[in-house]
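Two complexes are shown next, each including chain A; its partner changes from chain B in the first to chain C in the second.
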Partner chain A sequence: MATPVLRWCCLGRRCVFAGIGGGSRRGRGVPTGSTSSEKRGQSSVAQQPLITAQKPRKGEREWAAVVGLEIHAQIASNSKLFSGSQVDFAAPPNSLVSFFDASLPGTLPVLNRRCVEAAVMTGLALDCHINRRSLFDRKHYFYADLPAGYQITQQRLPIAVNGRLAYSICVGKRRSQMVTRTAGVKQIQLEQDSGKSLHDSLRSQTLIDLNRAGVGLLEVVLEPDMSCGEEAAAAVRELQLILQALGTSQANMAEGQLRVDANISVHHPGEPLGIRTEVKNLNSARFLAKAIDCEIQRQISELENGGKILNETRSFDYKLGCTVPMRDKEGKQDYRFMPEPNLPPLLLYDSRSLPIGTDPQQVIDIDRIRERLPELPRVTREKLVQQYGMLPEHSFALLNEVGLLEFFQNVIKETRAEPKKVTSWVLNTLLGFLKQQNLAVSESPVTPSALAELLDLLDRKAISSSAAKQVFEELWRSKGKTPAQMVAEKKLELMQDAEALEQLCRSTLEAHPQVVTDVKKGNPRAINKLIGLVRRATLGRADPTAIKEVLERQLSS
Partner chain B sequence: MWVRAVWLGLRASAGGRRGFSSKADPQGSRRVTAELIEHLERLALVDFGSQEAVARLEKAIAFADRLRAVDTDGVEPMESVLEDRCLYLRSDNVVEGNCAEELLQNSHRVVEEYFVAPPGNISWPKLDEKEPFSHR
Partner chain C sequence: MLGRTLREVSAALKQGQVTPTELCQRCLSLIKKTKFLNAYITVSEEVALKQAAESEKRYKKGHSLGDLDGIPVAVKDNFSTAGIETTCASNMLKGYVPPYNATVVQKLLDQGALLMGKTNLDEFAMGSGSTDGIFGPVKNPWSYSKQYREKRKQKSHGENEDSNWLITGGSSGGSAAAVSAFTCFAALGSDTGGSTRNPAAHCGVVGLKPSYGLVSRHGLIPLVNSMDVPGILTRCVDDAAIVLGILAGHDPKDSTTIQDPVKPFALPTLTDVSKLCIGIPKEYLTPELSSEVQSLWSKAANLFESEGAKVIEVSLPHTSYSIVCYHVLCTSEVASNMARFDGLEYGHRCDIDVSTEAMYAATRREGFNDVVRGRILSGNFFLLKENYENYFVKAQKVRRLIARDFVNVFNSGVDVLLTPTTLSEAIPHTEFIREDNRTRSAQDDLFTQAVNMAGLPAVSVPMALSSQGLPVGLQFIGRAFCDQQLLTVAKWFEKRVQFPVIQLQELMDDCSSIFENEKLASVSLK
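Presenting the complex of A and B:
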């Protein structure tokens, strides 16, 4: 693949892409535009160059990319948006389909209250303005998995508008610093999902399963405030965590509960925005950033080679690792939006405007929903940092893994060890072992109680930290024994007998006069040799720092 | 069938004023171009067939255009005749479904409880290659 090298940096506000060229990208001339002035002097990350450079060309200017996202999240509800058939991921084909879902004549949509509440909760969590009055529309297009020939959505007046999604990314040389970015939320709307098509190219037919047809979706439209794949992926991840914390969607990308389309364009900083393409089929968290960056790279290459970007829809091909034009899209789609004639406007209330004497089942009070909002990830993380003094990166890591936070909190409850120790053991040791064997937290052979007990032993200085690691490994491999039992069995307890330690040190010093002379001469590494000898003599049961202390005292006397 | 086509055509031209996306004629023009006919036929899968049908469409548009004589400055558009009605909210319970057999009976072809459809979308033939519209 002779694709030109493209280096980019996340500098300050935006990710900036450099054109073709070998060698260092600094000092290549000042980029134009006001946004660039903020970038100078800030720490930058030089990413690995993608592919070996071609012949450097003269006079390239920097590129900036603009990424907007349309995210569809399946609402976690028992029944569908406009019908009473069940919402379930795996069921026999067409078994969860009502007459309305199959678009049989004479059926009408009836709005699901839970879906409206889910939309309001999500809108409040994203700081949106909730429209007290919103409308439903029909969006027409023909496809076999859309039996009605139209999708009921909210094009003119959606349920929530003008919000914000704050997310964090790692910047800095070692990617150790976390900075917060914000993407604007243009709107959130309720809409129907379509059925599933299984393409059988062998027999030249498509098999249609309508189980998914009519399931409620929340479409979250993010403004084009992101500038590279990494930012987009981080924003999606944070939205995922928010939806999961709210319970409005399980947001599992692998199960198709969260789907992302990206609108991508490139331009030179300071110049007007370029033509954008829409990239669909970004359904894997792993490939999201990669796909977006690939498309950005493709657009830059195309423009630098004198080509033009078409306002088209593309699909990410996982096998090829790049975007390809989507077939079946002839020119610009005309969806002929019209108001949904069978649904009156959706009216929402708050504590002030709530009409008296109405059936509570039939009205939705935004203030009540706001009161009952679950704790958002952002708040949970802040609390962790406040309460346990951990770094923001650690709070992110704890929330990033399903069940890890709960594990951590259970250990904290049962141990007397310092929170910092617990954080370190959970994030480094436990998580390390889990990742190595690709296990979920729920599958951990080491329980929170076991880890708590182990950390207590360590805290009491009953064992050394290396012994603790050994015990952890043993706990991981074989169940049924408590840490205390293992320590006793393997005789890993730290020597508590100070007298015996003194004896051992003295005898070691006497047995190795040459090393003692080295130490007295000022060789700094000689003392480590002595420590090692004592350790071996104690069969690893003495704390190295204690040994060092005793030795130094004895040597100086 | 053509009645529905006319109704949709009315929507297309009236919608142009309210900001719906459509390829409606510029305001005031009564002529319905061949491109517009082709576009509508593709979108709505209808067949205008004859010049007579197109003439009827133009007459219908002219008839509806008389609405423009009404001064609607400062008047909120009515989106729906249901705008004073209450939108009923249903509880989130599972009360339907489980009728795959019944639904599949409606389909001409079925493979193992799946509906069978042609691959992708059938592309609408261009203006010069058109044949009379036939039901599948």
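Presenting the complex of A and C:
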């Protein structure tokens, strides 16, 4: 990172969390900034780590940052939240617009059952309390891509409240240790998406596409329990995995299905929270952490230079690498909230409260949705750790790539190789190749079966691991051949002839008396040199352990 | 034929005494003759004649669609009609042709009704006179009735008669005038604070405001969503019941309609009222009430009592807060509902294109009249964060108290409340415009408005002519969703009072051929 780092730092490997177990714990439920007058919930387990990358110099004080998130996830649904229009990311402009979406006078909203179920399911997955009764409100503002002049949302009484999102980040010197943290979920609310404005500055006109207008969104509000970009990014990533596992949102950030706003403030530990800013539209996974850290950095610099933080809305300019005030949201907005009069309260039931004789099509039974909850990523990872003795970070890595876990499981099914070996091959070799060529798991030229066969060969000691790497490369390049064929073609089988190996070892010792002397003097590294020499002589087809055995025997005789 | 009730003309159609096309043409001709009433904004002549031809085919084949097949109807111009301009009497929607039918309009058409046209109103239904729309005021047909003219001659002060025409009341004045002047047999109005009942009373027709949630609002361009109800204007209570039977019921497009199935119903003829309990709310006896209306109200109460009904004085203690509370709730919803009129998707758009905001501002300034803009301004004030609790939330609480007043009264055993509909009979336009729209609305909604707060059904039934020869209507208020019971009582009352038929012969001299050999008055409308 080229940005000048003051004493604050939470980027990359320099992130230090000093607050754990320390005296500066604060409960969650603390607003991100002093402009918020809302009183939030009870205290909980989340910690407020202090960021003290370097020891403060004399007379200088530490800074702590507080980050809360508002995440908008487009609900995976065939139709919009209040109309029958289709939802399709790639449709031609204004081709998916119902009379209601265009706010034709006299049209009324009709709530989409699927969207409600998605909200309930997401709420359950995030340990939320599901409100049996929730309300819809109108939030007013004039904007060209908001046809009705208001958005229908759930401001007063949302569908789900008081949940938690557990996520993990890497800590420790080598960042090899996973630590689980928790962010409170303040609420989940259903609301409408807006349309899109396309500004044509050349002709100084704005074009409106209403395809997205009225698409159902889940707004997930995370309590200000995070303290840096990395934590925020990890929380968002975990939420994304959960939504995808549930199927309630495709949560693809590149397609705008997951959009993040962050509330950020900084303060000195032990002092009241600072003024917060809101950084809007953090719509790229790549820039999320960076944008938040830049804003924290900016606020600290501002305050240290005697400046003030304004309660304002900013956006991240990824070209400049910093946040800038948003011009169009200048001035105080009063959304003039009002109950939506055309939608009666949304009532949900559970198996106990379900009125007898009701048409199941007309009501939503929370318990039935609970039964249908799929396995959550956290559980999947725990199972991987338990079942295969996998390191937690490996279980994270497996889930992080779409289709990678399935690939892994298919390999496991077909091979006799150790799970650890499989994990290593999938995460290092396969993933490395995929990343290098920017391919999705589904696009891998090497199939799970081929990798399984290759690992079997390795397991049987039919080939050495370096030969296996070579085979993998060949498989990657030329589809259609089996690993066995490849091994036969390239003559990569491991040397099984013990006599020949004895012979090779002996001649190697004879050819390098100096190294032999080193070994005898007690230099432990010398033996490795010899092993390397023998391996080279076998063209990598001998097992290093076998070589070592023979060498040691010959040296000691 | 045109003077008959819907039920009678429906029977005549079935018996082949008249064909739908003949009926349609007669109405169209009368609409032209009475054009000066300004009851219609749009006359959908072609559509109506085409519908009539189709209806005629059905009658010839012997399978008509029902009571409404071939019946000319009119629809207030704040209901969306596919392919027919829908203006709300506002510049904002001038030229707006909706692509869809309101559910109630669709239901009428599905029954074979002939849509004669779209009727005049106050801009966006904001008013109580039908005087504040861009197409000008609606004139009350009674201004030209023999009954009224004769009375005026008696005390003639040499005033210019033509400049002294009467208002219809509103905001559904066009629909009331259309039914009153025989240009159609039923009309749709809308009722948010009395907009159907008020002009019904002034025009001597029946005006029904059904229970909130019984009839779909989909396609009704809203004033106050939580109070709006499509209203029905007809010449007699039975007709209102027929139309209600067709319109009522759940609409998947309006989530506030009740789920329970509603069946069309015929009103029973009540012979015995001794088991009825009629409540007379004492708060409705206000100083502003004209003595004539007050005495007719007492007379009506006595009528019930003399026939054996129990008539008791009841109290609706929060009535006096209704108007101010309505003002807050109405303007707030108006501010919200009107936000969509920005000139982008439909409707008026100004020529200014410096910026989107400038375009919005000019479009809305040009598109809305002072009344609409005034309500938007107050509504936005009440919804401001710092005012919301003090105004909107308080008004909602008061609204609940008002609704509870009614519940308490009905729980105490009262079946139906009997009240005046308006303070007085219709007044001349020149007199009406001495006060501004806000004052008038506050005065004129006095007896009708609380009903909307509570979502109850209510109907205004013409009772008698005043000393000036003008109609006076009384209002019956029923329990929520007991619309049928309410109408049954209203029907009994209607039969007893024998309200006189409007005599428009002079006005229609030219159309004498239409009325030739016809008794203008029908049996129930002598």
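The definition used in the following text is that the second predicted complex is superposed on the first by the 456 of 557 C-alpha atoms of A that agree within 3 Å, B and C clash if a C-alpha of one lies under 4 Å from a C-alpha of the other, contacts with A are read in each partner's own complex, and residues count from 1 in each chain.
Methods note: contacts are C-beta pairs under 8 Å (C-beta built on N, C-alpha and C of every residue); 3 or more make two chains touch, one makes a residue touch a chain.
Here the structure is a predicted model, which means the values were calculated and not measured.
Participant: With both structures placed on chain A, which of the two partners, chain B or chain C, ends up touching more residues of chain A?
Facilitator: So, of the two partners, B touches more residues of chain A.
Participant: Thinking of the overlay built on chain A, is A:294 touched by chain B (first), by chain C (second), by both, or by neither?
Facilitator: neither
Participant: Examine A:190 and indicate which partner it touches, taking first as chain B and second as chain C; both and neither are also allowed.
Facilitator: After superposing on A, A:190 lies clear of both chain B and chain C.
Participant: Classify the contacts of A:148 with the two partner chains as first (chain B alone), second (chain C alone), both, or neither.
Facilitator: A:148: touches chain C, not chain B.
Participant: Mind working out whether A:338 is in touch with chain B, chain C, both or neither, as first, second, both or neither?
Facilitator: After superposition on chain A, A:338 lies in contact with both partners, chain B and chain C.
Participant: Where does A:110 make contact in the superposed view: on chain B (first), on chain C (second), on both, or on neither?
Facilitator: A:110 sits against chain B and chain C alike.
Participant: A:138 contacts which: chain B (first), chain C (second), both, neither?
Facilitator: second
Participant: So in the superposed three-chain picture, is A:362 touching just chain B, just chain C, both, or none of them (first/second/both/neither)?
Facilitator: A:362 contacts both chain B and chain C.
Participant: Looking at A:208, would you say it contacts chain B, chain C, both, or neither? Reply first, second, both or neither.
Facilitator: both
Participant: After overlaying the two complexes on chain A, where does the chain B footprint on chain A coincide with the chain C footprint?
Facilitator: Looking at chain A, the two contact sets intersect at 99, 102, 104, 110-111, 140, 142, 144, 205-206, 208, 334, 336-338, 341-344, 362.
Participant: Okay, in this complex, where on chain A does chain C touch?
Facilitator: Chain A reaches chain C through residues 99, 102-111, 138, 140, 142, 144, 147-150, 205-206, 208, 334, 336-338, 341-344, 362.
Participant: Taking the touch rule as given, give the residues of chain C at its contact with chain A in the complex, in rising order.
Facilitator: Against chain A, chain C makes touches at 79-80, 86, 88, 93, 96, 98-100, 102, 217-222, 224-226, 252-256, 259, 332-333, 335-336, 338-342, 344-346, 353, 356-357, 360, 380, 383-385, 388, 392.
Participant: Which part of chain B faces chain A closely enough to touch in the complex?
Facilitator: Answer in residue numbers: 8, 11-12, 15, 20-23, 39, 43, 45, 79-80, 82-100, 103-104, 106, 109, 111-121, 123.
Participant: Going by the contact rule at the top, pick out the chain A residues touching chain B in the complex.
Facilitator: That would be residues 77-79, 83-86, 92-99, 102, 104, 110-116, 135, 140, 142-144, 156, 197-201, 204-210, 327-328, 330, 334-339, 341-347, 361-362, 364 of chain A.
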